[in-house]
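Consider the two complexes below, in which chain A is the common component and chain B and chain C are the respective partners.
Moving on, here comes the complex of A and B:
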């Protein structure tokens, strides 16, 4: 699985929705994600993609949409 | 020489704006005069603690030296090492002065601690946040002088809003472009006058004129409802106090943001129409935002992360409930070690946990959502919040546990 598929499957688990056609939706503004989901997302990314994201690097503005998450993960890999 | 408290009288604003004028002129030309800025900051901090408050001034100097020494030592250590125990020990030392100041009155019969000073909480929040980000590796290179300017940034020193080191550095390192700065100035002027309206007109009306009246009535009615003191006057007190608390503090925060804007520094806003919140979660995203986001990022998220990683709980729900409880308990203790602040913390923890249960219950169900349900949500949230402020005000302590009418 590539980064995009992995991120989308994690997000699918967290939000219960398929976001593949809503890649630019703001997950925090729409209430799909909250702080808890954020932490789980960070842990899942660590486990599945082996990217290390310190909690204080998690600026909501940079991780708001599926596309942004994928970009950030690729940067950190 | 009398001391000058920030944002308390017209004279203060006049002197401050005059002192900032050269800075404003410089910024209009795209230059940031950092030395002058530091001097102005220092002079106004000295004025805060001049005269009868000199002891607090001494405490501030010792405190800043303590935090400065700790962070520089940790920065030096963190370059090549990253042991957990060194971090926790440093964290303990960074929190220690604040903890002493908060615990002293509770064990010394209301006597304030000798090492306390106005603003110690807000300086501690900045110091703790910076240390945690260094541990995370998010701050790679700590610049000692910048850290000092950040800690001692005058507009926000006594009561926030709480900025973050990296965010402050971004503002401080660059002078804003002329267009950006003009925009900041125009917002700054608006916030200044909005602050006057909030703090000195509306806040004054609720806090100085109405509040003593309803307080007196409520105390006269203390035998009401079987000795519980629940009376119409008490309900009135609850709403009046809530209004006062918001307008006074929001006004103060607006001044701090306004003055920061004049200095070309982007300080985060503290309030976003909190009484229009649709639930308690929403409320904490709108009320004293720089504090609640600080708690979210440095307390809640870290507790959640830690408990998830070490699998303390099987169910995710329990993790969040545990983290909420810790988060709001710590917030309660931070306000002060008294039964009403701690109850206030527990109350909000319960409220947000119930809120969470409701949101989960609602998920996926087709419940009606329209103008009326929205209005109902806002109404319920508003009343829950006002009730929490009644606890917070400490008035119940006076009503129930003191005998003489003061």
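Moving on, here comes the complex of A and C:
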């Protein structure tokens, strides 16, 4: 699976939604995710995509939409 | 003979008025200031000549004025009800209807009309700034069996229940906390909101020990980057949180003894502590004293504890919740040999008198035998021959998620009140560690224009107006119909196994 598919599958598991046609949806503003979900998101991304996310630099505004998450993960790979 | 908690805090203020009681992002307040502010608030309340038996609601944020208001109420002889500033208006109205407070102290602007006197944020600030302008009155603080605080918790009918904790109940808890040999003038983490009784584990033990309450405000912990910059600068030596919050902190590889050299003790409460999480902590903080504790709000914060050591981690894959405190006994509701599973019955001086203005609900779970108050916890567990208690789960549909106690029936009540929902039930999804990972909602939607993600977003926005955010299900699953049991109720157990077989 490529990054996009994996990210969408993780988000689907967290939110229950298929977000493939809503790549720029703000997940926090819409209430689809909250701060405890961020923990799961970080853990799943680290495990499934083998990236090391520097959480001490983690700014939620930079990880707010599916597209942004994909971009950040690719930067870290 | 013990001094009343409130007199003991005042004594600390008299002995060391310059010591720091409260630290909110570097904004510090001393014990002297805490005494002056709470005395002024108490004088203001007393001069209103309110019915002493009725409580005062405190619309509580995490700032210094909030704890000054708590102590002010107690000094004026009233119990306080902490309600979170993030509460939806409907919940505030409901709590006011149930508890019939005589006054609300608002530390932040209220966005709802309440039919009772209100002390506004401006009045509160004036009162604290000009203590000499408050009326000269004799204060009669809460004592003995009078209510000290009332904390509202999830109720099965959609109406929350107010647990009444007396001065004697709280004293039993704070006396026990002293046995842990807290550091001198401890610096305690305050992370949980004051509406959640986990915060009491920081609040009174710290003030009685002459220590400092160090706040990690909610807004700071919502963004991981911000939180991890702030945390090491707090110089905490005692940590109090749920295991879930700790799991979030452990995401940072720098969350280790090397970067937090002052940290001496960690107390967990509010939900199950897993062996895996405890192991990670002891790897990162090999010299820390790590305690797992357990207790329903109805028995005052916590009634059992055990230190988690490497030896204990080796011995038990599912960790024990501890031994009962000396003044309390834990037994099974139905007598059985040691090691048999049953419902835990908690008896002792920290057991509440019951739920405010809810005699039937109180009688269903509280009783008094031989002068000893007992509470049927609804928690399933076993008790080993040496008294070590193990938690196994619930007898009912109450769950814990991220440390929050949630009655699934309460969630269902709100789901079914939604204009988008014809029928809905909340279903927990469990992880391999027995803990609830996620709350799902199985929904039969009303016929309408919205569907899919649009519908989910609309329902979540609507529910936010009615219920606490932590109770709102994360995932929504839409169906044309829900499976039913033989007597036409939604087959919740069948849905629970469906969700968890495929998890």
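Just so we're on the same page, the second predicted complex is superposed on the first by the 77 of 77 C-alpha atoms of A that agree within 3 Å, B and C clash if a C-alpha of one lies under 4 Å from a C-alpha of the other, contacts with A are read in each partner's own complex, and residues count from 1 in each chain.
Following the convention adopted for this analysis, a contact is a pair of C-beta atoms (placed from the backbone, for glycine too) under 8 Å apart; a residue touches a chain by one contact, two chains touch by 3 or more.
Here the structure is a predicted model, which is why all the values come from computation and not from measurement.
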Partners on chain A (chain B, chain C) - clash or fit: clash
Chain B versus chain C as contact partner of A:70, first or second or both or neither: neither
Chain B versus chain C as contact partner of A:56, first or second or both or neither: both
Partner, of chain C and chain B, that touches more residues belonging to chain A: C
Which of chain B and chain C A:17 touches, first, second, both or neither: second
Partner chain(s) touched by A:30 [first = chain B, second = chain C, both, neither]: second
Listed stretches 94-102, 148-156 or 184-192 of chain B, narrowed to the one that overlaps chain C: 94-102
Overlap of the chain B and chain C footprints on chain A, listed as residue numbers: 16, 34-36, 38-40, 42-43, 55-58
Touching residues (chain side chain C, partner chain A) in the complex: 221-226, 228-229, 244, 247-248, 251-252, 254, 402, 437-438, 440, 452-453, 456-457, 460-461, 464, 469, 472, 474-477
Interfacial residue positions of chain B with respect to chain A in the complex: 132-133, 136-138, 281, 296-297, 300-302, 304-305, 308-309, 316, 319-320, 323, 363-364
Touching residues (chain side chain A, partner chain B) in the complex: 16, 34-36, 38-40, 42-43, 54-58
Residues of chain A touching chain C in the complex: 14-19, 22, 25, 30-32, 34-40, 42-43, 55-60
